[in-house]
Amino acid sequence: MEAEGLPEPDFSIEQLGERRFPSPLQRIMEVRYRSDNECLLVQPEFDCRIEPDHAPAAAATMELAGPRAQVFFDTGRVRAAIVTCGGLCPGLNAVIRGLVMQLWYLYDCRQVLGIRFGYQGLGNAAQESIMLTPARVSAINGRGGTILGSSRGTPPTAELVDNLERRGIDMLFVIGGDGSMRGGTALWEEIRRRRLQIAVVGIPKTIDNDIPWVRRTFGFDTAVAEAVKAINAAEVEANGMPHGIGLVKLMGRAAGFIAATACVASGNANACLIPEVPFQLEGPNGLLALLEKRLHERNHAVVVVAEGAGQHLVAGQGTDASGNPHLGDIGACLKQRITEHFHSRNLRCAMKYIEPSYLIRAAAPNASDQLYCDQLARAAVHAAMAGKGGLLIGNWNGRLVHIPMQALKGRTSQVNPHGELWFSVLENTGQPRLLD
Amino acid sequence: MEAEGLPEPDFSIEQLGERRFPSPLQRIMEVRYRSDNECLLVQPEFDCRIEPDHAPAAAATMELAGPRAQVFFDTGRVRAAIVTCGGLCPGLNAVIRGLVMQLWYLYDCRQVLGIRFGYQGLGNAAQESIMLTPARVSAINGRGGTILGSSRGTPPTAELVDNLERRGIDMLFVIGGDGSMRGGTALWEEIRRRRLQIAVVGIPKTIDNDIPWVRRTFGFDTAVAEAVKAINAAEVEANGMPHGIGLVKLMGRAAGFIAATACVASGNANACLIPEVPFQLEGPNGLLALLEKRLHERNHAVVVVAEGAGQHLVAGQGTDASGNPHLGDIGACLKQRITEHFHSRNLRCAMKYIEPSYLIRAAAPNASDQLYCDQLARAAVHAAMAGKGGLLIGNWNGRLVHIPMQALKGRTSQVNPHGELWFSVLENTGQPRLLD
Amino acid sequence: MEAEGLPEPDFSIEQLGERRFPSPLQRIMEVRYRSDNECLLVQPEFDCRIEPDHAPAAAATMELAGPRAQVFFDTGRVRAAIVTCGGLCPGLNAVIRGLVMQLWYLYDCRQVLGIRFGYQGLGNAAQESIMLTPARVSAINGRGGTILGSSRGTPPTAELVDNLERRGIDMLFVIGGDGSMRGGTALWEEIRRRRLQIAVVGIPKTIDNDIPWVRRTFGFDTAVAEAVKAINAAEVEANGMPHGIGLVKLMGRAAGFIAATACVASGNANACLIPEVPFQLEGPNGLLALLEKRLHERNHAVVVVAEGAGQHLVAGQGTDASGNPHLGDIGACLKQRITEHFHSRNLRCAMKYIEPSYLIRAAAPNASDQLYCDQLARAAVHAAMAGKGGLLIGNWNGRLVHIPMQALKGRTSQVNPHGELWFSVLENTGQPRLLD
Amino acid sequence: MEAEGLPEPDFSIEQLGERRFPSPLQRIMEVRYRSDNECLLVQPEFDCRIEPDHAPAAAATMELAGPRAQVFFDTGRVRAAIVTCGGLCPGLNAVIRGLVMQLWYLYDCRQVLGIRFGYQGLGNAAQESIMLTPARVSAINGRGGTILGSSRGTPPTAELVDNLERRGIDMLFVIGGDGSMRGGTALWEEIRRRRLQIAVVGIPKTIDNDIPWVRRTFGFDTAVAEAVKAINAAEVEANGMPHGIGLVKLMGRAAGFIAATACVASGNANACLIPEVPFQLEGPNGLLALLEKRLHERNHAVVVVAEGAGQHLVAGQGTDASGNPHLGDIGACLKQRITEHFHSRNLRCAMKYIEPSYLIRAAAPNASDQLYCDQLARAAVHAAMAGKGGLLIGNWNGRLVHIPMQALKGRTSQVNPHGELWFSVLENTGQPRLLD
């Protein structure tokens, strides 16, 4: 999976102030603390011939996540809050559990508020919170959804900060997507403007896996596994009838990572359509001609489409509460256009349309995601205790790192049409370039 | 689950002729053969007070399935054929495996044709068949779909019988639903008219579980388990947002067994709508008022609807290739009507609509269904070898029995609105009578 | 699955006294109440030739379970208690949930005590109980284990009844096996002797499925599904190495239902050893010769053994706290004897031994068992509210029935070596009679 | 997960000769070829303060995997062979599928031999091979085990190379562990000595994840997920009885990655014992005292032990056919020692011992591993076609790389007792340092 090729942003991380307290971690084990000076080269690949010495004096680097020897807060007195924003994603509860466990057992923090229903709940002075304890969260890591509830949209920043002040919160953990991180940036700026001492740390959540510098977002692994089930079911259905066409619509507004990855993992798709790669329906190289040929030769076909693909074929209007543009329904469009095409040519076609999105989003996280959520939560707690803010926990080249929230601005991660993942899709599906 | 209360039909079973060959089963083990005279009382419940002697001299009985000591065919020379008809259902491959294994190992039958693509393939002289062997089928029992392919609709009976003759088939196993059993009746009548010696045995397949005298059809157990997953996902989604409504549309054209059973097994539904029980949307006792009340009190709700429910609200037209009337789309209707209702009252509602039908139909059969498919196949092979025809394998009060195909005529099995299953639904969902 | 052939016991059910209260169920729906006179013919099969009129004037019958129009207790004032005894079994929590939900919502009972740690906890005046409410149990039906905890063994009956009195309990639900039902009989007799008004209703729990008149115990279906996974893993392992032998030891002290059923469902076993069917290791017809032949011909083999099989080969001693004799470890014995046999003949053999028992017992119940647990719990609540006692909920020919606990005395249900299930095992495994 | 800290080996890769053929890949898509000069910095982390310019002129680098523009072989004429060695691991079939698919569709290679039963089969001139085609392998990626069979041990190198020559093999793909890679090094050296033109590429397989420069081996993710199930079952069992102790023995001869990772993912273990971290049973800080304390306070406990842990407590002898020392059975030892400890103090303890190893090894790979296997296979095929040899496909900091097989010599990857993973284990289990 690849990120985009814009110029590197500034990766430096802001800090609430001097760290005056020794970390209480040492009592657990002999910890290897990290210093803020330990950093990760953003670009570790190079050409030995051209750069034999590889001396990027000004090379971009990222700050590594991990425990700091000195912390900013008097940890046992901290009042922390957790909020989950936007659509569901497998692992939300596992992140919540990780945060609570680590605040409690590593840093002796005994006040952890669970904000209900996302930023909406944080902005609503009347909305009650849940007091989170190890007993309350110890068994939730394997469950889908979020025990806190979520919501879309962001109330005015001032109201959010007013409520943080009113509730006496010292650190806020925001589990959310792109829009929530934009909201987090605004929050953090307002906190700095008011000279408050509230840490704000984001744990990026996007089932589409489209956040830059986060190679893999939590829940993605589970989502792919569930998507594979749907593709395999489509293959069974398509095979079960003469001229069967299985059509699966998956998530992926601007990035086709789930669709592409699930196609390769399943090995059962014959065409994969994603937002990053344009395609035509009509014409000798179009999808319809491909399907006609395949049904003629092999009697069945499976097509996987990401929801953001082929938007030139459908008319979407307006935006949702998170500010995302409404997409046209490419799944319904393909279902209709394919059926019509075959009927208009007096060819048979048994269309089997599967849209498993909610089943995927609500799935219980698999073991791999449960583990990963625990790691992300640990990194977030360390960062907040160190008094850092306006950052999110990234994952770059296998390391957890601190990424400034504002570094996301204007960027998104997409499937590289000339990269490894898409190449493996093409090889797996055998699909040609669907353009004249 | 309950069958309907029509007068009992004639349960007597037809036979191709005298059985002149000893069964080869004895070489496997000491078999307890069944005689055609062993029968099962259709109605084993009675009132001790009113009928202290319980002497129903003319009580209806059914013939028990099982191996016969004498068989009609010279089993080693038999040419058998298997056909799968209609929509997919978990367990089709397990039945195919069971038939092949038992024909081969119990009765030394070495010629088993797999007819491709249902009755359409049987009626098509040009359609090639698959020669089925233990090696070919030994590992298919755990897979979804059908290796033979299926189709809807029935070509003219005469053509089917012509093809049976042309291919030299001695016994035909029809795995199919209601319509396929009607087709099977016609086939059998034509076979008798032509005085052919071809056994025809049906293994009832209906994911809706709506065939009379078949308490449980294969695949139903798996289907319920998959449906439960969808209901649980809907609950997670509905709980994840303020004012979330999870809406799940399940199979069930005329019978709500899957919806009702899955609601009880899941314990997570707040309303269950099935074809057998009328309901209103509007009015003080209607579904909309119920949802409004529940969202007010509990902030979320889950509704499960069988595809055949509430047809007064939607306009369906025409029939499909299997002769079933096209149903109006009650799922889409409820999704729209509920959303509109809340919007028109300026109430919030986050609608999460899940339609998992193809995922359910294409599912791999669970262990219980794999076992059951093996049992059904065994009973079917015994019946065919005994030279019986025009029957299907029923399941009555825990016994496998022979049911004449024509006994299905004009009957269907439905959820009894005054029975145990529906009572448990009401108790689980807490839903009132949704009528004025 | 078959029960034994002893003479029928007395199936009449005892009652605490006259039922003076109308059932509160009518407010939920139009209930079809059952009368105590509605009964089920124990033996619904007969020979039409010999008994053309089928007039068993004195035929044995069972009382059907279900709601009664009049109940014994003033239901809103009832104090109920639930206890889980013996080893774990999938579905314990689902039964607990069902009991609580139905006591609460059907009968307005607001005091439901969860007794901790089985009869041991019931006999221990110092052991605290859990107050069970719908909120506490609503989400436990899909979880393995028991939230109450269990234990083995039965304290003196008088102490148990003392504690029932001391805690003011009106009805006790015992979820347990053979031994617990014996304990329940003693409890009930002591209650009657003291002229107390405490109903005692058992819900039979035995993962071995060996209780008479209970065709299927809850959890059995799940257990078989888990056992199938182990058999399939053994097949993968055996196939993965030259001369691989997969050996799986399953539960089944006196009855091989799990082993036999799982072998058929899996289709992957080559020999199935159960307590009901003797076998030899040595000799030309013994298991060792069979394995040698199979490895020679097919390079791998899978053997499934129930823990109670082949006890002539191993020395077990003493009894456990539940009074069951300690079995010798037939799994370890076979592992050793088979390995030695091949080594002694300079033949290769790669032994893969799997013992999944705790994984099976602790499994989450599948949807089918969750549903069944709900039905059993409902029947148990109806029986207790009607003031019945000393009975358990049986399952006979597809109907839930009341069986006197003492009818179990001296009986156990076993696989019939001449019946359908065993025949299907032989056909699936292809195993010969492993005796000279 | 961390690798060890030895001095970096030589990472340069050997080559059969000049690449004279243009790669046929371009016809699939616009490929981004990699040059051998593209390399990856082994150590991308540094201290900005100490090394502000980060100019490691002589820093160690690895060659990146991927397609080369020129290849060594005339791809359409290549005869490839695949061999699977050592114990089973989830994903073997998925790697086989990936190799066949990519040889066939990317490089037009039509002769792919599947060597049966590992190096033993390769060394046995009489052992038949399987001709592998897309049709043969297209549906095997989701299945456990290996369709080729495996074996332990390595016949004399000369015989293996003789057979490679005799069978006319141009490239050999070795899917195997540590020992198999040692065998592969010897093979490659002999090939070079004989001046043959046979590429040898390894795909590292070790369920223990203990191969250096391979952060994650295929199947590890699946193995952890299965291990989590066992730990969760142990927790259910331990909770189900008073004083229950769940003890789970997992794989991990020299490296405790599975045990450690599964403990964190599950969140249900109270102690984790791995080979890298010594522990005591006895004494005030020993495991027995810890368990006694925990059972006193919390009534149950769960212990997870890797098979190679605590070898000072058990006596293992000899080595197996792969040359690995036989380990003493620490699981059986702990089971006995813990039980004895409690009995000797007249304390109760219900021991529940689970050993799921074969169930884990034989598991079907999850979607994530299926995807990963496809990627590994692709990299291996590119490397072989480029005429490289004596290398394996590594995974370093998120990139697939070429690692010389001999670089493994004398090294193994282990859990770092001062690193992130072990720290998260300590935090999750709450276990103290189990040493005086």
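Per-chain numbering from 1; labels A, B, C and D assigned in written order.
Definition applied: a residue touches a chain if its C-beta (ideal position, glycine included) is under 8 Å from a C-beta of that chain, and two chains touch if they have at least 3 such contacts.
Everything numeric here is computed off the predicted structure, so don't read it as measured data.
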Any chain in contact with subunit A as well as subunit B: none
Subunit B and subunit D: spacing of chain centres that average the CA atoms, whole Å: 46
Interchain centroid distance [CA atoms averaged], subunit C/subunit D, Å: 42
Subunit A and subunit D: spacing of chain centres that average the CA atoms, whole Å: 28
Of all residues in subunit D, the ones touching two or more other chains: 232
Chain-chain contacts as defined at top: A-B, A-D, B-C, C-D
Touching residues on subunit A, where the partner in the complex is subunit D: 28-32, 35, 37-41, 44-50, 53-57, 59, 61, 64, 66, 97, 101-102, 105-106, 138, 141-142, 215, 221, 224-225, 228, 232, 261-262, 264-267, 366-368, 370-371, 374-375, 378, 397-399, 418-420, 422-424, 426-428, 430, 433
Contacting residues of subunit D [partner subunit C, same complex]: 88, 117, 120, 143-146, 149-152, 229-230, 232-234, 236-237, 239-242, 246, 352-356, 358-359, 361-363
